[in-house]
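The following pair of complexes shares a single chain, chain A, combined with chain B in the former and chain C in the latter.
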Partner chain A sequence: MKILVFIKQVADSEARIIISADHKSLEIENKYTLNFFDEFAVEEAIRIKEKFKDSQITVCTFGAKRSIEALRTTIAMGADRAFLIDNTQYPSENPMVVATILARFAQQEGFDIILCGRQAMDDENAQLGSMIAELLSIPHISAIMKLEIIGDKKVRVENEIEGGRATIEVTLPALFTTQKGLNEPRVPLITGVMKAMKATIPVIDPLTLGLTKEELDSYAAMMHLFSYEPPPSRPPVKIIEGETPEEKVNKLIKILKEDAKVL
Partner chain B sequence: MDFKLTEEQEFFKKTVTDTIDRIVTPRAQEIDEKDEFPWDVWKEFTKLGYIGLRYPEEIGGMNADKIMCMIFYEEIARASVGFAQSVIMNILMGTYFLFRFGSDAIKERCLYPAMRGEKIATICFTEDQSGSDLGATRTTAVKDGNGWRINGTKMWITNGPICDFCTVLATTDPSKGLKGLNFFLVEKGTEGFSSGQIINKLGCRGTVTGELVFDNVWVPDENFLGEELGKGVVYVGDILDEVRLMTGAMALGIAKGAYNEALEYSRKRIAFGQPIGNYQLIREKFAEMDTLMNAARLLLYYGSWLLENKMDCRVVAAESKMFATEVCLKVVDELTRIYGANAFAYEYTPQRYFRDARFLLYGGGTHEVLKDFIGRSLIGKL
Partner chain C sequence: MTNNICVFIETKDRSVRKASFELLSKGKEIAEQVSSQLYAILIGYNISSLTEELKPYAHTVVVVDNEALQEYRWDTYGDVLEKLFKQYTPYLVFGASTTTGKDLFPRLAARLKGYIISDAVGITLDGTQVKVKKPLFGGKILSWFAYTGDRTLFVTFRPNSFAVSKGSYQGEVRLEKIECSHDERMHIIGIDKGGSKKVDLQEADFIICGGRGMKGPEHFQVLEEIADIMHGRVGASRAVVDSKWREYDDQIGKSGKTVSPKLYIGCGVSGALHHTMGMDTSKTIVAINKDPNAPIFQYADYGIVDDIFTILPVLKEKLKQAKGEV
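And now, the complex of A and B:
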């Protein structure tokens, strides 16, 4: 079983992020981590390999050189090998550009299953999985909560739908995006950390994947980032005064009815 | 000169930080409040293999270089120095002499299980009348048949009351002073070996520290840990620099934890209509703290680099421990000032850093003893 996992290194949730003066770019504190939803993808790949020993887990990302750290984390967890498609020469975050590059990598590498997080925690686009599947003309199930290999080239998955779960059988090759609840990502053992530290991670120029700059430019031109804006600042906290708890609750109910109009 | 961590060391640092923040940090306050050894955290953490950090890969270790060891010590102390003390005791002092001198049977019985976290290790130096002054050690080991008869009481033993085995410093000839000192392995269950009073400590709570009593304890010759009699003090010297650097790393860890708390608080705490981090007197504190912590870390890494390259680091190791600890005390003090009155309340974290930092004044040598040693080394024999 050839398993491909696409990941992204994103800003840590505790990193300080400042919007530039022209609102066109972000200054991010140097704290990065493996995307939260991608951890489930890596873990699921490892669990498949634990059942089907001859499986091979290949992890890949399109990103900056620093993304090697996130790739090493996946090797520490149990992935077999990892590749960085370096975005230095083509630093686009346009989902269609990234999907095109990763789909081309998948075509060259070969695969039975592709796993990736349901969305990145930074841009929250949630587009990459479906785009890659479409470009590869394979089935795509989003936000899976359970995955079971039920036969040669057949997988049964469950995903969350409004008010319940759906069970779906899919013929491989297929792409699945992963959701919280699918598994509990493991903490790397020190043996994994050592393996990851020693691992050689090949760096690939995206333009060596049979893609032309013109093709990527045409996709990049489809979208234009207009500006970044911070979320509106929260209104000040209102302290409800009162002699007794009953008095305070009555005042609260009045405010919720008359001012907030939520009751 | 290259001051940069290698990409591998950076990755190690990130992984260790993430792992500790997942397993230890969320439990730190509880560990301190309960002041009980956190067995569940211990089991979850030690199964990852970090206890073998500094031992060869062939025996299940990681063969980490000294810089990586310091990174680890700093990060785990940042999270919970109470838990860190127990872990580091197993990693370094508690297993050092078994790895170096233990027979295959001893390694199978004690060292390897300790590296897996299945056994708790400790080392016994201190007595009621001897700490830095090892020549005053009164615990005796007397030859008795095919073994040794040990008598004495050890104090301030980290992990002591819960240990499965300990390395004991005892004198085989009190008339020889330091040259009479030797190390012996004593295992739990040996007749006459028991745990005495548990110390109710100001800080580093969660680590169980106490008295160990050796009442006519007999151990076989195999348990003598050394090449020849009388070299115990030489062996102490062999590990002392690493212990002092490790203590410096722990001090930096506490300082870093306190600094991070201060930073977060100064960004959130509003006074006179704006975050207190906007005020110059608060900013000045961060400028000073960061400068001092950077200086302490450079000295620590320099000492570790000397140690890694088998160069003389006795003075630098002592300076590093002393300086990092003083920096730590300064940073935790500033944290309590930035936090204001909330620092005085047990429900907030500054008081924990404040209490924990005090222990480092004594562990690894008091600063009075260290300063005397450094000064004597620099001036030379007159």
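And now, the complex of A and C:
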């Protein structure tokens, strides 16, 4: 089984983010981590390999050089190899550009299963999985919470749908996006960390994947960042005082009715 | 390419979801600005009766009623929408950033070589430039993107991003006969919508959320009762879900759902960053916690510092009265 896992290195939720004076760029504190939902993708790949020993797990990201740290984390967990498609020359966050690059990588590598997190924590786009599947003309299943290989080239999954769960059988090759609840991602062992530190992670220039700059630019040109702004700040909390619970609740209801007008 | 706007209508339990009316209301505002046509796109099976409530909200209600569309699947729905959008060539397509919207629109945008912005919370027209507002980094940053492309722009919006206005069109209903194909490689074996909760968490106007301070699953009963009175939903913090007191579907926050109800009441919720990232766009936030230093009070509009177990029964009675008076 050839398993590809696409991951993203994202700013930690605790990282400080400062908006530049011209509101056109962000300065992000140097605290990055493997995207939360991608951990389930890596873990699931390892679990498949534990059952089907001749599997190979390849992890790939399109990102800045620092993303190599997130790739090392996946090797420490148990991935076999990792590739960084370096975005330095082409720093696009444009989802169609990223999807096109990763789909091209998948075509070159070959695959039976592609796994990735259901969304990234930084942009919360939830776009790449199904876009890559479309570009590769393979089925995708979003937000899976159970995966079982039930035969040659056949997988049964359970996934989150509107208001419930579905059980779906899919013929491989296919792409799955992973949701919390699928598994419990492992903490790397020290031997894994040692292996990851020594691992060679090839760096790929996206323009060597058979894509032209014009092709990528045609998407990138459609959208530009206009500005960043901080979220509107809330006035300080109004603590509702009272002698008894009744008095407090009565005051609260009055405020919600008359001031906030939400009752 | 026209300058028309298509809104994809989502349904639930044989009625149009509130999120779709929000999108139609915003769509109307923009359609009037550029005198374009507003289409409500309603697809499914046995749904023709829903056109009545949609007529006031669009110039045209386009209906595709086909047995193959009974349950949502990206392949069948995507196939029909692809054909419709090739026919109507809209400049803007609005959808809701729901489980369905997240599954469907990126794939469709890639197929139609369009452009997509997901999980947006606002949109304006600035001359001929479309500007879309979207939170990043769990709401720490708001970004505005300007679209200058000449292809269809798909935008999915978080439910509760826009108010529902009163519909004033007398929309025409147009039945389109469209055959749809499905992907042979994918078979749905079963669908479980058991315990179908009354309101979708992301769509709820009212959410009462329990945190670790609720002390155990049995105490969520009173929250359920309050949610019922308010026609809202019970939410839960990550600690509560990790302790298996509530299902993951109820989880609000970074690793759960992002919500922005009109009124959010947090009960025994400490207000850790991963939780507040999922609820800080709520219109009014009330926190009830016995610890006056709980971080949730930094996000709340109103706070009660007291034991939740003495406040909740009183709150339930008073909300019942307040609802009764209306």
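As a convention for this text, the second predicted complex is superposed on the first by the 260 of 263 C-alpha atoms of A that agree within 3 Å, B and C clash if a C-alpha of one lies under 4 Å from a C-alpha of the other, contacts with A are read in each partner's own complex, and residues count from 1 in each chain.
In the analysis below, contacts are C-beta pairs under 8 Å (C-beta built on N, C-alpha and C of every residue); 3 or more make two chains touch, one makes a residue touch a chain.
In this text, all values refer to a predicted model and were calculated from it rather than measured experimentally.
Once the complexes are laid over each other on chain A, chain B and chain C both fit without any clash.
Of the two partner chains, chain C is the only one touched by A:250; chain B is not. Judged by the touch definition given at the top, the superposed model places A:68 against chain B, while chain C stays out of reach. Vectors from the Cα centre of chain A to those of chain B and chain C enclose 120° in the overlay, to the nearest 10. When the two structures are aligned on the shared chain, A:33 is found in touch with chain B, with no touch to chain C. Once the two structures are overlaid, the count of chain A residues touched is higher for C than for its counterpart among chain B and chain C.
Of the two partner chains, neither chain B nor chain C is touched by A:89. Within the superposed three-chain model, A:196 lies in touch with chain B and out of touch with chain C [touch as defined at top]. Fitting both structures onto chain A leaves chain B and chain C with a minimum C-alpha separation of 9 Å. Within chain A, no residue touches chain B in one complex and chain C in the other. Per the touch definition, chain B reaches chain A in the complex via residues 7-8, 10-12, 14-15, 18-19, 22-23, 47-50, 52-53, 57, 62.
Residues 11, 13-14, 17, 19, 26, 36-37, 95-96, 99, 118-119, 121-131, 133-135, 138-143, 156, 160-171, 174, 180-181, 219, 221-231, 234-235, 237-240, 245-246, 248-250, 252-253, 255-257, 260, 262-263 of chain A touch chain C in their complex.
Those residues of chain C lying in contact with chain A across their complex are 10, 12, 72, 74-75, 98-100, 102-104, 106-107, 109-111, 115-119, 131, 135-151, 183, 185-194, 196-197, 200, 248, 254-256, 258, 262-263, 273-274, 277, 280-281, 283-287, 292, 297-306, 310-311, 314-315, 318-319, 322-323. Remark: chain A residues 33, 68-69, 72-73, 76, 187-191, 193-194, 196-198 touch chain B in the complex.
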